[in-house]
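What follows is a set of structures to go through.
There are two complexes below, and they share subunit A, which is joined by subunit B in the first and by subunit C in the second.
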Partner chain A sequence: MNPNDSTENFAKNISMQEPIKLPGSINITGWILLIIGVLAIAISFFVDRERSSFNLLIMLMFLLSIGLGSLFLVALEYVAGAVWSTPVRRVSEFLSSSLIFLPVVAIILIFNMHDLYHWTHSEYVQSDKILSQKTPYLNYVFFIIRVAFFIGIWLLFYFLIIKNSRKQDKTGEQVLTKRNTNLSAAFIPIFALTITFASVDWMMSLEPHWYSTIFGVYYFSGTVLAALASATLIIVLLRQKGYFPVKLLQDHLYSLGALMFAFINFWAYIAFSQYMLIWYANIPEETSWMLQRWTGSWKFVSIGLIIVHFIVPYFALLSQPAKMNPKRLIIMSIWILFAHIYDLYWIIMPTYSRDGAVFGWMELVFPVALVGLIIVLFSYKLRNNNLVPIGDPKLERGINFRL
Partner chain B sequence: MSFDYSKEIPIIEGGPKLADIDDVIARPLDTRPDRKFYIALSITLTMLAIGAVSLGLTFYYGIGMWGNNQPNGWAFDITNFVFWIGIGHAGTLISAILFLLRQKWRNGISRFAEGMTIFAVMTAGIFPLIHVGRPWLAAYLFPYPNEHGIWINFISPLIWDVFAVSTYFTVSLIFWYVGLIPDLATLRDRTAGKIKKILYSIFSLGWRHSNRHWHHYEMVYLVLAGFATPLVLSVHTIVSFDFAVSVLPGWHTTIFPPYFVAGAVFSGFAMVQNVLIFVRKIFNFEHIITINTLERMNKVIILTGSMVGYAYAMEFFTAWYSGNPAEQFVFINRAFGPYAWAYWTMVSCNVIFPQLFWFRKIRRTIPYMLIIGILVNVGMWFERFVIIVTSLSRDYLPSSWRMFYPTLTDLGILTGSFGLFFTLLLLFIKTLPVVSISEVKSVLEGAQPSHLHNGSEEVISHSSNDSGVNHA
Partner chain C sequence: MPDKIIPEKILYSVTGIFDHPDEIINAAEQAEKAGYKKYDINTSYPVHGMSTAMRIGPSKLSYIALVFGLSGTTLALLFMWYVSSWDYPMVIGGKPYFSLPAFIPITFEVTVLLASIMTVVAMLFIFFKLPNNSHPLHDTDYMKMVSSDRFGISIQASDPLFDEVKVKDFLQNLGAHHITPIYFDESEISVKNTVFEPKFIGFLLAVFFATAGFTYFSLNYILAWGPFNWMWNQHKLNPQKRSELFSDGFGMRMPVEGTVARGYMPYLYKGNQAAASKYMINPLLPTKEVLSMGQQKFVTFCSPCHGYLAKGDSRLRGQFPNPPSLHSEKVRNYQDGDIYHIITEGQNTMPSYAKQITREERWAIILYLRALQRSQNAKETDIK
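For the complex of A and B:
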C-alpha cells in the first residue's frame, strides 16, 4: 500500500474484499445457548421468583456494562481523537447494540421490584425514619421514570452515533466524524451521570440505608473493563481465525491489553479506596454493607473477589509481551468477563442471601442466556455491516498505527 | 471549521531543522539574563522575603501568629500544602502517564512540567513541617530506633504522607535528571564557557549519544515512568486520606481519593498552561509549544474540571441521600453558611468557568485560556480551604463553633510560597533547557521513531506485508 494513496482508494481496496461470513455453527450455538437460557430462566422464575429476580438484576447490570460500556468506548475514540482503535471500533459498535435489549430485562425487573428492594415495602419504610426521608428519591414512580429516561437517552445516543458511523461507510464524509465527535462529547458527561444514578438505583438501593459517594465510579470501572474485555475477546478471536479484513498488528493488541491492564488497576484503586475508607472510619452506617459481605461464606467470596478481579489479571497482564500475546489476551478477556459477573454477584446477591453465599443452577443459566444473546446479536450485526469502518478518514492511519 | 482527520497534526510546527532546535532551546542558556528577567526575579524574591519574614515571626513567636484556633486546627497551612502538592501532579502526569499512553504532544512540555513538579513539591514540603509547630523535631517523622524509644504512629495517614511525598519527590527528581542527561550532553558539546563545560560534562555522565546509551536510556525511562505513575496517584490519594479516614462530615467520603487526584491534575495543568504561555512567548518556542498543544492541555483541564464537578455533585447528592443530619448540615452550611462566598468562588472557578473550554475558540485563544487557568488555580486553592475550614469551624458541637480568619502572617506565608516556587522556576529557566531537546527532535516530522516487529512468528508475516513496509 502506497502511503500516498487517498482515503477513497484505500476504502475501495477493503470493501472489495469478500463479506465476512462466520461459520454457521457459531450462530447456531448462539441460538441454542439463548433458547436454552431463556427457557431455563422462565423455569427458574417459577421455581424461585425472588432468587431469579436477583439473578436477573445481575444479568441486567452485565448487559448494561457491555452495551453502555461499548458505546462509551466508541465515544471515547471520537472524543480523544484516537487512531489505533479505528480499525476495531466496529466490534464495540456491534456490542453496544445490546442496549436494545435493556428495556426488556428492565421491564421484567420492574414487575419484580417488590422482591428486590426493601424500600418498596411501604409499611417498612413508614416505620423507618431514615428511609421515610428518602422517599422523594426512592419511590416506585420516580424510579421507573429514571429507568425509562436513562434507557431512552442511551438508546438515543446509540442510534445517533451508530447511524453516522454506518453512513460514513457509504459516503466517507469527514463531516460525519466531526458530527460524531460532537455527539460523543455531549454523550460522555451524560453517560457519567446516568451510569452513576443507574448504579445507585439498581444496586446501591438494594441496601437502602447504605451510601457511598464512590459507588458510581466503582461500577463504571467494572463497566469499562467488561466492555474492553468483550471487545478484545472478539477482536483477537476474529484476527486469529483470519476474519479481520485488515491486518491487525501486535501494536493494536498491545493497546487493548494495556488498556485492560490499566482498568484492572483502576478498578482495584477504586475498590480499595471504598473499602479502606469505610474500614478506617468505622462508622456503623457504612460498615454494615462491608460486614454483610464478611458474614458466613460471603467472607470467602470477598477474598475471592480480590484474587479473581485483581491479583490474577494483574500478574497475567503485567509484562509487556503478555499484553500483546493473543492467547493470553483471549484467556484474560474471558477471565475478566467472569470477574465482572463475580463482582456483580458480590454486590447484589448478599441482599438475597444474608447468611452466606448461594450458588446453584439458577446462577448459571442467566449468564448462559446472556452469552447466547451476545453471540446471536454479534453474528447478526456482522452479516449486515462492515466489520471495518471503511469510510472513516482515520482508518488508514489506524491500520498503519505503530507504538 | 474544516478538519482533515486522515492526516496527523504535526506536533512541532514549521518543520525546523535539528540544529535549529538546539539553537532555539539553548538560547536562554547562552545569553545573559536581560532586564525583564531581573525585574521578574526581584518580584519573586520580594515575595519570598515576605514569606521568610512571616516564617521567622512564626518560629520566634510560635504558630499563635496564625489564625488557627479551636476548632480550626488546620487552616492555611494544610490548604497550602494540599494546593502545592496538587500543582506538582500535572508534571508527573505529563511526563510519565502521557508517556506511557504514548501521547507525543507531551514532548514539548514535559521537561518544564517535571521541573514544576519538583519545585511545587519542595514548596509543599515546607507546610507540614511548620504545621507541626516544632520543625526542628521533624526527624522523628522517620521511623528509626532512637534513644527515646519514640515511634511514629504507623496507621496514621499523616505519616503515610511523609513516605509518599518523599518517595514521590525522589522519583520525580531522578526521572527529571535522567531525562536531562542527553540534553546536558548536547549542551556540553556546544558550549564555549569553561566552567559550563565542566559542569555539563560532570552531569551528563559521559553521555555520547551512542546507540547503546540510547537503548539503556529508553529502558530506564520507561521503567521510571512505570514507577512514577502509581506514585502520582498514591500521593494525592494519601493526601485525601488525611481527611477521609476521619469521621468528620465533609471530610469522610469514599469518593475523596479519585476526586483529589483529578483536582490535583486539574490545578497542575492550569498552572503549567499559565506559565508555558509566557515561556513560549518570551523564548520564541511558539512552534514547539504550539496552540494545538495548549488546546490539548485545555481539554485535559475541562475533563478533570468536570470530574471535580461530578465529585461535588455526588457529595451533595449523597449527603442528602444518606439521611444523616450531620452530613446534610455540612453541605448546606458550605453552600449557605458563613463561608458561602468561598464555596461559590470554588464552584464557579472550578466547575463553571472551565466549561467555557467547550468552545474551540476559547480553547485556542491565549488571553481567554490564561484567565481561565488563573481562575482554576484560585478555585482549587479555595476548594482545599472550603473542605478544611467549613468542616472544622462548625463541627458536631455547636458550642465550640468558631470562625477562622487568616492573619497577616498566614497571608505572608502564602505569598512566600508563590515567591519560592516562581523564584525556583526563574532560576530553572536560565540554567537548564526548559524544553527537552532530544524529545522534541524525536517528534519532528520525519523523525517518528518506529520499530520493526520481531520475535514471534506471526509478526514476521505481518511486517512483510504491505502495511509494514513503510516503516521498515
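For the complex of A and C:
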C-alpha cells in the first residue's frame, strides 16, 4: 500500500475489490444450529418451563452482552478518536445488530416472570417487610416500562450510529464521523446507567433481598469481554482464512489481545472487590448471595469461575507474543466467550437450583441457538455491507497503524 | 606515538533522519544486514517491532520487574502474617488472624509498587547509567528532531566497520535526510558527576536539617501559639482546673445524698468478708453458657496473674508478687461469697475488679473457678 495515495483513490481501491463471499457452508451451519437450537428451546419449554426460563435469561444477558457491548466498543472508538480499530470496526457494528433480537427474547421472558422472580408473588411480598418496601421499584408495570425504555434507547442509538457509518461508505463525508462522535458521547453515559439498571433488574432482582452496589460494573466488565472476544474471534478467523479485505498487521492483533487481557484483569478486580467487601462487612443480607454460591456443588462452580474466568486467560495472554499470536487469540476468544456464559450461569442458576449445580441438555441448547443466530446474522450483514468502512477518513491511518 | 594532530572535536557518529516508522524499521534491518554493531535508533515513542529489526532480544528490564514484583508479594504477605498473626495477634472484625482476602489488596499494591518503582530505578541507574547524564547526541539538531516527530539512526564511529564516507552513502541509499556527523569534546563526556561533590552533599544536609527543624518547630511551638491553638483551648473543664460555674469551684459533683446512680448497686459488705461469706449465695447455675462466660472472663481478667488453670503459674510470674494458686485448701473451702468479695474489693496486692467485671460475670467466674478446682482435686465420687 503506498502511503502517499490520496484517501479517495484509496477508498476506491478497496471498494473495487470483490465483495467478500464466505463459503456457503458457514451460513448453512449457522441456520442448522439456529433451527436445532430454537426447536430444542421450544421443547425445553414444555418439558420444564421454569428451568427453561432461567436458561432463557442467561441467553438474554449473553445476547445483551454481545449486542450492547459491541455497540459500546463502536462508540468508544468514535469518542476516543481511535484509529487502529477503524479497519475492524465493522465487525463490532455487525455484532451489535443482535440488539434487534433483544425484544423477542425479552417479551418471552416477561411472560414467564412469575417463574423467575420472587418479588412477583404478591402474597409473598405482602408478608415480607423488606420486599414490600421495595415494591415501588420492583413491580410488574415499572419493570416492563424500564425494559421497554432501555431496549428502545439502545435500538435508537444502534440505528443512528450504524446508519451514519453505512452512509459514509457512499459519501465519505467527514461530518458523519463528527456526528457519530457526538452520538457516541451521548450514548456512553446512557449506556453506563442503562446497563447498570438492566443488570439489576434482570439478574440482581432474582434475589430481591440481596444487593450489591458494584453489580452493574461487574456485569459491564463481562459484557465488554464478551464483545471483545466475539469481535476478536471473527476478525482473526477472517484474517487467517484470507477473507479480510485489508491487511491486518500484528499491531492490530496485539491491540485486541491487550484489550482482552486488560479486561480480564478488570473483571477479576471488580469480582474480587465485590467479594471482599461482602466478606469483610459480613452482613447477613449481603453474604446470603455468596453463601448460596458456596452451597453444595455450587462451591466447585464458584472455584471453577476463578480458574476459568481469570487464572487461565490471565496466564494465556500474559506474555507479549501471546497477545499477537493468531492461534492463541482464537482459542482465548472462544475460551472467554465460554467464561462469560459460565459467569452468567453462576449468577443466575443458583436461584433456580438452590442445593447444588445442575447441568443437562437444556443448558446446552440455548448457547447452540445463540451461536447459530450470530453466525446467521453476521453472514447476512456481510453480504449486504462492506466489511471495512471504506468511506471513513481514519481508515487509511488505521490500516497503516503501528504501535 | 604517531605524530597525529589530535583534533579538537572527536567524531562520535553519523546520523540520518527518516519520516516514517516503516522506514526506520527498514533502516535498522539494513544496518543489521550490513553488519553494523554499534549503532542506535532514536524515536520519540516506542516503535513496535524495533527489537526484532535490531535483533536485540527481549529487554532484561522485565526480569527486574518480575523479581521485584514477586519480592513485593512475599514481603507484603510475610509482613502481614508476622504483624497480625505472629507478633501481635489481634482479632479484627471477627476474622481469622491470617485472613487472605483482607491481605490481597495490600499484597497487590506492594507488588505493583515495588515492581514499578524498582523498574524505573533500575532503568535510570543501570540502563541509563545515571547519574551520568551527558551524551554526545545531547543538544544536537538530530536529538531535537527525533524527540519531536522524526525517526533517527546513529551509526557510531567506534563500530569496526565504520567508514565515514561509506556510512553516509549507506544512509543516503536508505532514503535518509539530514545526514550529519556528530562530534563531541573529550571534556563533554568526561564530566565528573556532581552528585558526590561536597557542595551537593552539603546542600542535601542543609535541606534535611531545615526540613526537620521546621517540622519540629512547627509541631512543638507554632501550634501552641494563637490562632493555631484553638483546638487546645476548648470550653470544657480540664482536670485540675477550677470550675467557674459552681460556687465551690469543683467540676465533679457529689451525688445527692441518699441516692445512687442509675444501674448502680451498692456493695453491702464493704470491708466485711465474713458477712459476704455468710450471707451471699451464687444466683447462677453451672450451665454451659454460664461456664463459658465464666471461662472467657477468667481468661481475660484472672489468668494473667493466676494462670489459665489458676495454679498461680501465670505469665506475670517474677514481675509481680507471685499470685497464689487458687487450688489451696483455703480457697477450696471458701464460700462463693468469699471469692466474690475478693474480686470486688481486691486483697492486698490484688486490685479490685469491680469496675471491669459485672456482678453476674463475677458469679460466673466463680462457677468456672469451682470447675477448675474440681478438675485438679477431684473427689473420689467423681471418678465414676
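Structure notes:
To be clear about the criterion, the second predicted complex is superposed on the first by the 403 of 403 C-alpha atoms of A that agree within 3 Å, B and C clash if a C-alpha of one lies under 4 Å from a C-alpha of the other, contacts with A are read in each partner's own complex, and residues count from 1 in each chain.
Quick note on the criterion: a contact is a pair of C-beta atoms (placed from the backbone, for glycine too) under 8 Å apart; a residue touches a chain by one contact, two chains touch by 3 or more.
Quick caveat, the model's predicted, so the values are computed rather than measured.
In the model built by aligning both structures on subunit A, subunit B clashes with subunit C. When the two complexes are overlaid on their common chain A, residue A:270 makes contact with subunit B while staying clear of subunit C.
Within the superposed three-chain model, A:170 lies out of touch with both subunit B and subunit C [touch as defined at top].
By the touch criterion stated above, A:254 is placed in contact with subunit C alone, subunit B being left untouched. Considering which of subunit B and subunit C touches more of subunit A, the answer is B. Of the two partner chains, neither subunit B nor subunit C is touched by A:21. In the superposed pair of complexes, A:280 makes contact with subunit B and with subunit C alike.
Applying the stated contact rule after C-alpha superposition, one finds that A:402 touches each of subunit B and subunit C.
In the superposition on chain A, contact of A:327 is made with neither subunit B nor subunit C.
The contact surfaces that subunit B and subunit C form on subunit A in the two complexes overlap at residues 3, 250, 276, 280, 282, 402-403.
Here subunit A touches subunit B in the complex through residues 1, 3, 7, 83, 129-131, 133-134, 137, 174, 177-178, 185, 189, 192-193, 196, 200, 209, 211-217, 246-247, 249-250, 258, 265, 269-270, 273-274, 276-278, 280-283, 285-286, 321, 392-394, 396-397, 399-400, 402-403, going by the rule given at the top. Only residues 2-6, 8, 100, 102, 230, 233, 237, 241, 244-247, 252-258, 306, 310-311, 313-315, 318, 321-324, 358, 450-451, 453, 455-456, 459, 462-463, 465-471 of subunit B touch subunit A when the two sit together in their complex.
Across the complex, subunit A is touched by residues 20-22, 46-49, 58, 93-95, 101-102, 104-105 of subunit C. Subunit A contributes residues 3, 250-251, 254, 272, 275-276, 279-280, 282, 320, 402-403 to its touches with subunit C in the complex.
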